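By written order: A, B, C, D and E. Residues from 1 in each chain.
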Amino acid sequence: MVGHQLAGNLIQGLILGAVYGMATMGLSLIFGVLKVVNVGHGAFMMVGAFLALSTFKLLGLPPVLAVPVAFIVGMLLGFIFYRVAIKKLIKGPELSSLLATFAFGIILEEVVKLIYGSEHRGYNWALGKFSLGVTVVPYTKLIAFVGSILVAVLLYVWFNRTKAGKALRSVVEDSEGARVCGINVEWEYALSFAIGLGLTVSSGVLLTLFIPVGINPYMGGHYTLKAFVIAVLGGLESPYGAFFGGLIFGLIENGSYLLFSSFPSLEPFAMTRFFSFVMLLIILLIRPEGLLKTK
Amino acid sequence: MPLLSLRNVTKRFGGLVAVNNVSFDVEEGEMLAIVGPNGAGKTTLFNLINGVFLPDEGTIIFDGHDITRLPAFKRAPLGIGRTFQIPRPFSSATVRENIAIGAMFGAEGKKTSVDRAMEIADHYIDLIGLSEHRDKPAGGLTPVEKKLVEIARALAMKPKLLLMDEAMAGMNPKDIDYIVDFVRKVRDEEKIAIVAMVEHIMRAVANLAERVVVMHQGAKLVDEETEKALTDKRVIEVYLGKPPEEKNAEG
Amino acid sequence: MLKVDKLVSGYGPMQVLWEPSLNVKKGTITSVLGPNGAGKSTLLWTIFGTVKPWSGKIYFEGRDITFTPPHEKVNMGMTLVPEGKHLFKGMTVYENLIMGAYRKEAEEKLQENLELVYTLFPILKERAQQKAGSLSGGQQQMVTIARALMTNPKFIMLDEPSQGLAPKIVLEVFETIVKLKEEVGLTILLVEQNAEASFDAADYIYVMHEGHFKAEGRPEDIRKSKEVREAYLGI
Amino acid sequence: MKAKKYLPFIPVFVAYLALFLIGETVSGIWQLIAMLAFYCALGQAFNLFMGMTGYVDFGYVAFLGVGTYGMAITISKLYSHGLGFGLIAIGFALAIVMSVLLSLAVGAVALRLRGAYFAIATIGVNEGFRYLIEGAKLWNGSEGIIFSGPLRMAFGRQTATVLTTFAADVFVFIIALAAAFITLVYMRGKVGYALTALREDEDAAKVMGINVTKYKIIAFITSAALAGLLGASAWALKLTYVYPPDVFEITYTVEAIIIVLLGGAGTLLGPIVGGLVYGLSKYLLAIILPGFQLLIFAPVIIFIIVTFPEGLVGFVKLKTRGTWLENYIV
Amino acid sequence: MAKRLFSVLTCLVFLFILGVGGAGAVTDGKIVIGHPACLSGKFAKAGEQATGGIKAIVKWVNEVYGGVSVGGKKLKLEYKYYDCESKKESVTSLLERLITVDKVDFTFAPYSSGLTLAGAPIAEKYGVIYMDHGGASDKIFKQGFTYIVQTIGPGSRYHEGTLDMLHKYAPNDKKLALVYEDSEFARAVMDGAREHAKKLGYEIVYEATYPKGVSDLTPLLSALKAKKPDIIIGGGHFVDGQLFNRQLADLDINPKALSLIAAATLPAFYDALGNLAEGVMGPSHWEYGVTYSEKAAKKAGLEWIGPSQDEFVKLFKEAVGKDIIPDYHAAEAGAAVLALVKGIEKAGSLDQDKVRKALGELKFMSFYGTWDIDETGKQVGHSMVDVQWQNGKRVIVWPEDAATGKLVYPMPTFAEKAKGKKALPK
């Protein structure tokens, strides 16, 4: 019985982990290229969640169609915010860009609140579900899972196989080197910020496929914290590392529950959180370059 | 007893042996130059002496203390000062504060109050001729001035041994002469042993050092009096390359 | 080919260049000599555009390019081989070279330039699939030069190509630079601390000190001038 | 020479005194002044570590949190022992002890890391600690501690009201002043020079004979102890309740960062200016445009950060260099 | 640059003067209610409802009721509110400003037990009545505050009615699971429910909590699934309730009855979950559709005050400018205004102590139900109703005298609901 539960939890954790992982890729990309910590990360995911909600509720379309829209919206927001502030701040003290992203987060939250109000919303896209014996998985979650992996793979291909992707990679490797090759480094910075936010906003859409409820302007906060932990698990600067970091995080979060629930005096959920943060500290101490980075 | 003595010191980075079984002594008040091309292991050697790295093998004795495993910050108060190849003054602090920091935490740091450290700093500022820049942030100085500040900062630590990493690299001859004279003077007055690391400015070596240690690929090649060392056949070979037929061996 | 007129620039509040003017003739190697901190690298970075000029003018083939952004300068056929190892260490040698042919015109001539590069540096062909970071210092310097050639330039600037290399490798690098002029027909602006090597390679020399040009002339003349050698070059 | 070193304390003292006197004389704005003092004190204590070392402790609020618990535990457990004002003193002492202990634990782990890794590790500590309290049901777990009643029983109605609505805020003023004074003493002493050195170049500092770990820890502990005291007064004594999610809320760290950066990191006057600008503008927007203030406030932050990257005081400091004001604006 | 700095500084000084001074409101001929509301931050949703509810009742008092009669004069009500951003620092300073600068006559607490507590000492200091409409913790009233007056009912009794009802409808389904948020409020509810369940002979097969801000309940639910409970009660706030219901559906866990506090009774709950919410219940302070009316008041021998339910809903929609149905946050805040009006009229004065005394003796019925406080200010008169979603509508199923429909038991399984089956009474 316990084995069944554990297997079920791990499967669910894997699915959630893929979504977490994809949700962290944008954060890592932006940090990797610009060394900017996006404190407003969760707010951008929230925008994606509202896009999914509107796609389904207002247009009556499958919410998954919001992914490309979200990507474009994220990129637009990225270019605007880059132009308005980040551009001037990346050369300044590292904290100033952090504050700017925090402020962007607030702006998004308040604008969304103006439009949608502060109600907790949700949608119900029923596609049925299938049983794996140990647990039941709705098809929407499967789509979230596959979608997350697909986005991660697409990003990988884009980075390693296309010219534009390689240009961005070269900027990460050495920006001066890229400049002498005729690459417009300023543009690449803006582009990576935009892509990073594009990924983040579209991950918000996929997240709602996993959890289609509780969508409200302030929902992003704890995803930001989780994303930080996941990013460090994966090496902070590597988007793929972040993806695998997410998988691991999902597994641990769901897997350790059974362990803690066998102690009646503990609140097991809070302990799984405690555990994941303790693990973060341990990893930072032994392998600050991240669990998955080979270099 | 020598001031500093290295015995069979080895340091590896992964598969690379950066310093290979090196032994030598430095006497009190001596001026020694460590010479060698880029990659010969000179900087690693310095880092081993002042504790930025710990050696894999061998021992380092300084002034009667075994300092082989001592952390860097505990070596400075024993009397080891250091300058860097690319000057690293504390940019936001003024020239005066930079030098005073040396006095505050150096060999006599424990006894030196902040005010006293400032007075010591003023003394060295005058000595290096940077009086007009006294209250300027060190970050705004020219590279040569930064180098001077760094040397003054190291001297303010009242070291018994001063390690100078490429102190003369990239300077014009006038400045080199100025620094050499200055360093000699301080050495004579304060009896500091000086170990200078030099890549290719032989002019400085000839003027400054009494003895030369030549490093090549991590190992000690030659340890001789200056004139003898500079005319040594092996040294010339290292510097001017091997005969043409062996040229492609590298890589 | 390149004309610089009373260029002024620096970092933050610190002025580094004090109105040096310079002229590079087509098909020549021009060398700027001087000690560390003289402003040589700043000069190159300002010409290339990474450092913004405060005042003064830069002309390339007669066009005013003072405020043209770097990537457009590469489009015009100008590039820079930076000091140290600004190559893409995590990518293979081949990928590094391909990045050099990033812009369209260069991409069209990719095969042609690749052959040229492999002829000039046969070792790079052998190591094409190796990570650039795993090469020796000299080979890394070759990759940066080769990558610059892949941009299909008319004019390249080299920033201290001998920096950190063993003396015999320095010789090889300079031989290559002369080949670039003579066989490929490039115009070259070279910045060096290593005066001896430059004397042999360069057609014209500027001596820089504290942001000013203190002397200029043909290598023989500079070499003869004891004053200049003593005061600025230390040889 | 000696006295001159402490001249910059004059404007700090005057600023806090003026704030205090305004609060005292203009009737009915004491809570506003108290809130401003809280933000100033928060910035001042945070700046002591962040401004001087360049390390950003994202989990800083945890120190305020444990300080709050220190006071809360003391009052709720010992109120019936007739300790009089000794009760408050014990509360403060426990707050210091707890925040210092936590800072030692955090320091041992996190201070080896730099940059973003340090920041994220400290977030981990803050969140982890909060979940430990809830998960292991430490100190009443998620139910928190409410101790208005015990406070009244210990001191009586009248005194309890004075304690919560006035004395707690006076303590905040004292903490702010103390933080500023310690900052100045550190700045002018060896600690400050050691910290400047390690902020600029940690390796070079080591070679200079500076025990960087020791000095980082000194600044870290001092800053944490001040935060503990601040929590004990501004959150425990003033509000008389503590719920874990309320006191480990990461927003307060972000606020501390905003305040310090608005004013100018590493400056003595910065946190006062930053705290006043931050507190007042939020307060006024809340009054003028209730519900929309954040929408206005966020762009203002971006504007200030872009225009004055070195902070308002940092900017003035640059402008007054070489004038007589130089000795006062630090 | 210097100019820019100068202008910034000038602005600051100006703002400071504005902030410190400010124009004191003239209170002659008006009664002003001050409220540091939560319009942004984590309680923004409840805050929006509460301000809407207060605005609606203020309008009713002024326009329909004709003002508050004090000493033969009819005084108009005025409502002044600021946004505290759901933060404790702002609560104290804004509350004081309302009392001292704006010179309001009476104050309202912000939302939640914590923020209510944060403001209480200030209200005490100035001796101003402090109407608690959103802080449900019993502990608030054990602290010895004198001026605090509660309208919302205490947490410990939230689920008592639910259990009574299920005990009556299905006396043989005894396997009960308790799953609550780990917060002070929800724990109080759970403790109350556990006590009551034991009295009724329920077997508690599973009991667990989850922390605030949880995003995936799967591990808990898979353990719950193994216990096969007949009845699940729990919840805590808005988000977790939606999540709980949703994930029960995802994992195909089918209790015969599901009752969630706070979340399940809100329109947003059904809006978010659609058909999956069919048959789900929740205890509520108030629901649109309750049968409190002037007639009911007469029957119970209580004085009636305030608008009818429909009137209130209409006024609320006008006040917020949106077509949304008010929920219990709005109703309890509105009812608090009514209590205050009644208290003032009864005291015949604006004197705080007299009004507080009058409130202590007051007992009345409004659209919100019965209102009665004990000597500590705790609400004891208000009873909860139990609501069930039936065919997209909230039907009041308990207590029987307020019920608008019959309980559907067992509720349809999630598989049936996903196919569109509604919870309809036979």
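Simple rule for what comes next: contacts are C-beta pairs under 8 Å (C-beta built on N, C-alpha and C of every residue); 3 or more make two chains touch, one makes a residue touch a chain.
In this text, all values refer to a predicted model and were calculated from it rather than measured experimentally.
Contact with chain C and chain D alike is made by A, B.
Counting only chains that touch, the fewest steps needed to get from chain B to chain D is 1.
For the interfaces A-E and A-C, the C-beta contact count is higher for A-E. Between chain B and chain E, the centres computed from C-alpha atoms are 74 Å apart. Between chain B and chain C the centroid-to-centroid distance comes to 32 Å (mean Cα coordinates, whole Å). Centre-to-centre, using mean CA coordinates, chain A is 49 Å away from chain B.
Annotation for chain A: residues 110, 221, 267-270, 273 touch two or more other chains. Among the residues of chain D, those in touch with two or more other chains are 131, 134-135, 141-142, 292, 294.
Interfaces, counted as pairs of touching chains, are A-C, A-D, A-E, B-C, B-D, D-E.
Contact residues of chain A toward chain C in the complex are 163, 166-167, 169-170, 173-174, 176-187, 295. The residues of chain D lying in touch with chain B in their complex are 1-2, 188-190, 193-194, 196-197, 199-201, 203-212.
If you check the complex, the residues on chain B that touch chain D are 50-52, 71-77, 82, 84, 88, 90-93, 97, 100-102, 104-106, 109, 114-115, 153, 157.
Residue ranges of chain E in contact with chain D, taken from their complex: 1-2, 4-5, 8, 12, 15-16, 18-20, 22, 37, 39-40, 81-85, 87-90, 92-97, 99-101, 114, 117-118, 120-122, 124-125, 137, 139-140, 142-145, 182-184, 187, 209, 211-213. Per the touch definition, chain E reaches chain A in the complex via residues 40-42, 44-45, 47-48, 182, 208-211, 213-216, 218-220, 222-223, 226, 238-240, 242-243, 245-246, 250-252, 266, 268, 271-276, 322, 324, 418.
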